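All chains are identified by letter, namely A, B, C and D, in their written order; residue positions are counted from 1 within each chain.
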Amino acid sequence: MVVVMRSGATDTDVDKVVKAISEVGGDAFVSRGKHQTIVGLVGDLTQFAEMPLHAFPGVEDVIRVSKPYKLVSNDAHPRPSTVWVGNSPIGRETVTLIAGPCAVETEQQTIDACVMAKDAGATILRGGAYKPRTSPYAFQGLGEQGLDILHGVSRDLGLPFVTEVVTPADVETVAAKADMLQVGARNMQNFQLLKEVGMAGKPVLLKRGLTATIDEWIMAAEYIAHTGNLQVVLCERGIRTYEPMTRNTLDVSAVPVAQSLTHLPVIIDPSHSGGKRELVMPLIRAGIAVGADGIIVDVHPRPEVALCDGPQALIKDDMLSLRDTVVRYADAAGRSVAAPSIDHTVGAWGRSATS
Amino acid sequence: MVVVMRSGATDTDVDKVVKAISEVGGDAFVSRGKHQTIVGLVGDLTQFAEMPLHAFPGVEDVIRVSKPYKLVSNDAHPRPSTVWVGNSPIGRETVTLIAGPCAVETEQQTIDACVMAKDAGATILRGGAYKPRTSPYAFQGLGEQGLDILHGVSRDLGLPFVTEVVTPADVETVAAKADMLQVGARNMQNFQLLKEVGMAGKPVLLKRGLTATIDEWIMAAEYIAHTGNLQVVLCERGIRTYEPMTRNTLDVSAVPVAQSLTHLPVIIDPSHSGGKRELVMPLIRAGIAVGADGIIVDVHPRPEVALCDGPQALIKDDMLSLRDTVVRYADAAGRSVAAPSIDHTVGAWGRSATS
Amino acid sequence: MVVVMRSGATDTDVDKVVKAISEVGGDAFVSRGKHQTIVGLVGDLTQFAEMPLHAFPGVEDVIRVSKPYKLVSNDAHPRPSTVWVGNSPIGRETVTLIAGPCAVETEQQTIDACVMAKDAGATILRGGAYKPRTSPYAFQGLGEQGLDILHGVSRDLGLPFVTEVVTPADVETVAAKADMLQVGARNMQNFQLLKEVGMAGKPVLLKRGLTATIDEWIMAAEYIAHTGNLQVVLCERGIRTYEPMTRNTLDVSAVPVAQSLTHLPVIIDPSHSGGKRELVMPLIRAGIAVGADGIIVDVHPRPEVALCDGPQALIKDDMLSLRDTVVRYADAAGRSVAAPSIDHTVGAWGRSATS
Amino acid sequence: MVVVMRSGATDTDVDKVVKAISEVGGDAFVSRGKHQTIVGLVGDLTQFAEMPLHAFPGVEDVIRVSKPYKLVSNDAHPRPSTVWVGNSPIGRETVTLIAGPCAVETEQQTIDACVMAKDAGATILRGGAYKPRTSPYAFQGLGEQGLDILHGVSRDLGLPFVTEVVTPADVETVAAKADMLQVGARNMQNFQLLKEVGMAGKPVLLKRGLTATIDEWIMAAEYIAHTGNLQVVLCERGIRTYEPMTRNTLDVSAVPVAQSLTHLPVIIDPSHSGGKRELVMPLIRAGIAVGADGIIVDVHPRPEVALCDGPQALIKDDMLSLRDTVVRYADAAGRSVAAPSIDHTVGAWGRSATS
């Protein structure tokens, strides 16, 4: 950290900072100039981060220059991790396709959507049973019944599934059936949920908040890691900007940035960011090309009767193109499309290797 | 709602929209031009809002033109509400000062801060026992012990208190002691928390999310109202923008806008938006002047040892100026400073009148 | 400035930075820690600011910690300046009301609007002759004819006027008649315009760009000051955020922040930020309360036939309330409403004192 | 357009809107519901767009539902245009690489950078002679001397070049030598510059403003088109968001959106958006994959001595990878890399075909 002193700061003010730092075992180096004095703090950040240096007399600004996270940082863990979801990997060497319905509405719709997903090459299914909705009057999901439908379809098709959990009380129920737990954008800083999801021991898909900085997103992953669960996959899903033509702005730069800071896989969600079906395929291409480790995408057999986010779902006619696009761009990126592993049999689902 | 058809949309496409609307009991009026056709939907929005009209053939855009909320809307409830917190009102005719420590750290610090608050004219105390923190390594609050300290100080000083609840499981514990429950900015769309807080029957202070639109903020209030609890106070606390010099940008316009759409009181938080002590007083003045029904502000007896948000807390030297500022600007605004009511004795705390 | 080295940076990397700094006469202090090394640069910033330190081997980040501007900084000029526009002051001790039509449409409309403005207490008139419009099909202003109308009305009413200049070629023409030149939000970084406006020798009203940081805004003022013209008034007019309910978000915090960094007066524009007539008065109150040195506001005798920005103009019925509001809040702020000075006769208009 | 009436609007209010519209030759269709009335306006938008309907009594909101631009719209011109810069095309069937130094510093540096660019497969050179700089103390470019250097290098290498023009007075000088004129992000709404650049008759590269909506960006292109010059290429270069880790956020979604609304080519600038060398290659890949018609990129032979934007320039070691990346992703996109045309000899440079 760097402490910038005000131009009128006295020697006593500077000494007070230096003393406070050395009391917690850090080193403070003073750069004293004619107009300005800077104090560089070196040592274990967690000791200083909580210190209210801003409120010290003569202090103008305190600037953090090192990473505030440890467990998910690639400093401690330089090799990228592969997170296994059931028999399917998500990692730096493959491109993983996750697909399924936005919301589970009926068993038939779920079967149809998941068969579409499998045909397109998905190795992990997705589907929402518990839906966080902006309006209390909107369809809130089928809850446990939806979870059962998803579980049945998943086992019938032989593919693991990820589903969102929206409140700590549901974690146990969801974790008993799902192969991966999703924390949604609106819950990215629901810290109690992060802790309980972490403790459930299943892999976690952590969506970036609509307005979270990359640092805050990684700190949310650190919350999960702090419970001892390092099986976290980051998901960029678009950030809120002033542009009204797209629902959100997919921040593709966040993919290489997060990959350069952590050892976690990073995927993108092109459905919820663009908000329009015609943007989904271009954003999938951009996501794979920028280096994403996977894609999570909504598909729907009949979007014109969808109860949730119909406009952005891919339809049957798109499936061939989806499969082809993933193959083609994974190839351009020098990666293979992720495939289920025979070493990860159904019985072993839930095992995870962070290599 | 308005459905805008694509320029190439056929009559069949238009008819399909009209038919779907009339099937749910709405009226669809077609404005057919040479280049463009628009369909105006009139009737009960809740019937159409969930309809995936975007996914209908020939539809280019669907635009909502009426309010998606009912219970908190001033359409249904034209007179502004007054929410009573213990013996203290928050409403359109007064300016209410809420003050106290950001976090409860020790009993002595809490007493000192709350005495400062009372001296400055506060009629409601604030303090954090459960703290949502970006880092898992940061001080997370004293929890139930902090709640007990707050409760004791509140009763000793004869002033009600508001405190944040961060997860549904804590609602019952907190509601048993606190006079008002706060939902923080990061939890504004934690829908399960909104529901449980609503059902606890206590007044609720609902902070605007860092990146929530005014519509989303009001919809979050509607979630609480939907449980039958209309004692909701909205709190603008700064939104996230690109400007790095302030922690957040206090959106003063949101105060008159929210007041023109709902019957709920709207207050501002100048401490968390500015993030710097020297901005607190100017923002208090701006907040009262723009028409806020109250102010919630951090005070700390010794900010240089604060465990949380020390840099932005007002200190003892500021209290006289705080009292004077509130009086002076309330006066300019033609309001009185809120005072505890003798009609709301301690025994009756928790009663609320929405007139 | 602070140079943060990468964790793997070598001693040679660090030495290279130190050497480069000393070659330009600066001092570099090295804070060497176990995990991280920081180099504090002390000296004249203008020497380092242009140095591509980011591209040096082993450098992770370069952080600026001192102000990049000099002439408008309050470091060099601690006492706040008063800028005189004709016979009317704008400064820290008064509240100045600037009012008039958004655009000059006809002579009669301009007379009517300016009489309304004077009645409300305005001491400086405003009006647009050259309009920067988003659409080439929109009314672009009357140009020189509009300028003549404004000039005539200004002299008839005995009040100076400010008008926008949109391109360098028009500066001379506009400066020959106007008492103050306005640089609009879209031109805040039109650097050639800033230079020419500066050289015209008239006071300048510099609006903040829709998306300019406070630092960039002040740097734009420095461009003007660099021509030797220190008669610059900063104007906060709302920034672009994600919130759709208001045209822009008035950043009231920017007022005290800019006042704490520069010696320039800072005013606010409540008309263009809110974009709705009903928001104008609340934002005027907030602006004066937060400490603005003045207000610039649109008025129109018949907004329903306005050629530009009619919805946000105040109308005749608002004038009494406008006058009263300015007086009341200036009083609460301990300031007087600015009045024309007898010491600044018409003959002396254009003189300016930066005390 | 759609006019939304307030809930209390009277029949007279509605009639007034209908009458005003029919007076200018439009049709107004009224959708009258129990709670709300909507008026759909059909006809030529340019007739209504300027009408101050917002200020009519009883009007709550006015919503534009059709495109405000004509000449650049793909409604009027369904086939995508190819813009020729000298002998090199930019269009929907190819991927064009534009490269060169950010700023022209010396002749040798310009030669070295442009040779690097040509080796990497660039068919158009770029370089800045006139630089818009945030600080008046920063290097402002070599001006006309830089233009001459660029022109010489361009002719020696047999490749056309694009360069920025920052003020109307320079347009003639720059247009006399450059093959394409660039309007920078900060000047996107410098309307006089747009007009003069349009009239110069050379192709124009129009960068999106840091905070411009896609609509505003296209309207700026319409300004140029309005002068009769349809040779406009749009360039997405990153928008300003709250994320501090990247200089700007490259909005890849803007590429397919702008391509779906206009007939103009759309390219991306990965250098100025990311602001870091390590982000340039991932963003190039994302840009081509999302469907951009070209890429404009900074290269520098010795970034550690660059006078401008050194940290983000690609270096010699990157050239092989740059060439390979463009080929590989153009191939995945089913496009060829743009090549100079023998039909467009040097003598014919400046000709352009919009097919």
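To be clear about the criterion, a residue touches a chain if its C-beta (ideal position, glycine included) is under 8 Å from a C-beta of that chain, and two chains touch if they have at least 3 such contacts.
It should be emphasised that the depicted structure is a prediction, and the values quoted were computed from it without experimental measurement.
After Cα superposition, the angle needed to carry chain A onto chain B is 180 degrees, rounded to a multiple of 5. Looking at B-D alongside B-C, one finds more C-beta pairs in contact between the chains of B-C. Chain centres here are Cα means. That of chain A falls 28 Å from that of chain B.
Averaging Cα coordinates per chain places chain B and chain C 32 Å apart. Chain B and chain D have CA centres that are 41 Å apart. Counting only residues that touch two or more partner chains, chain D has 211, 240-242, 244. Taken in their complex, chain B has these residues touching chain A: 46, 49-50, 52, 54-57, 68-69, 132-139, 166-169, 186-187, 189-193, 209-211, 216, 219, 222-223, 226, 240, 277, 303-307, 310-311, 313.
Within the complex formed with chain A, the chain D residues making contact are 211, 213-215, 239, 241-246, 249-257, 260, 273-274, 278-279, 282-283, 285-291, 328-329, 331-333. Note for the complex: chain C touches chain A at residues 2, 4, 7, 27-38, 40-43, 61, 63, 65-66, 75, 240-242, 244.
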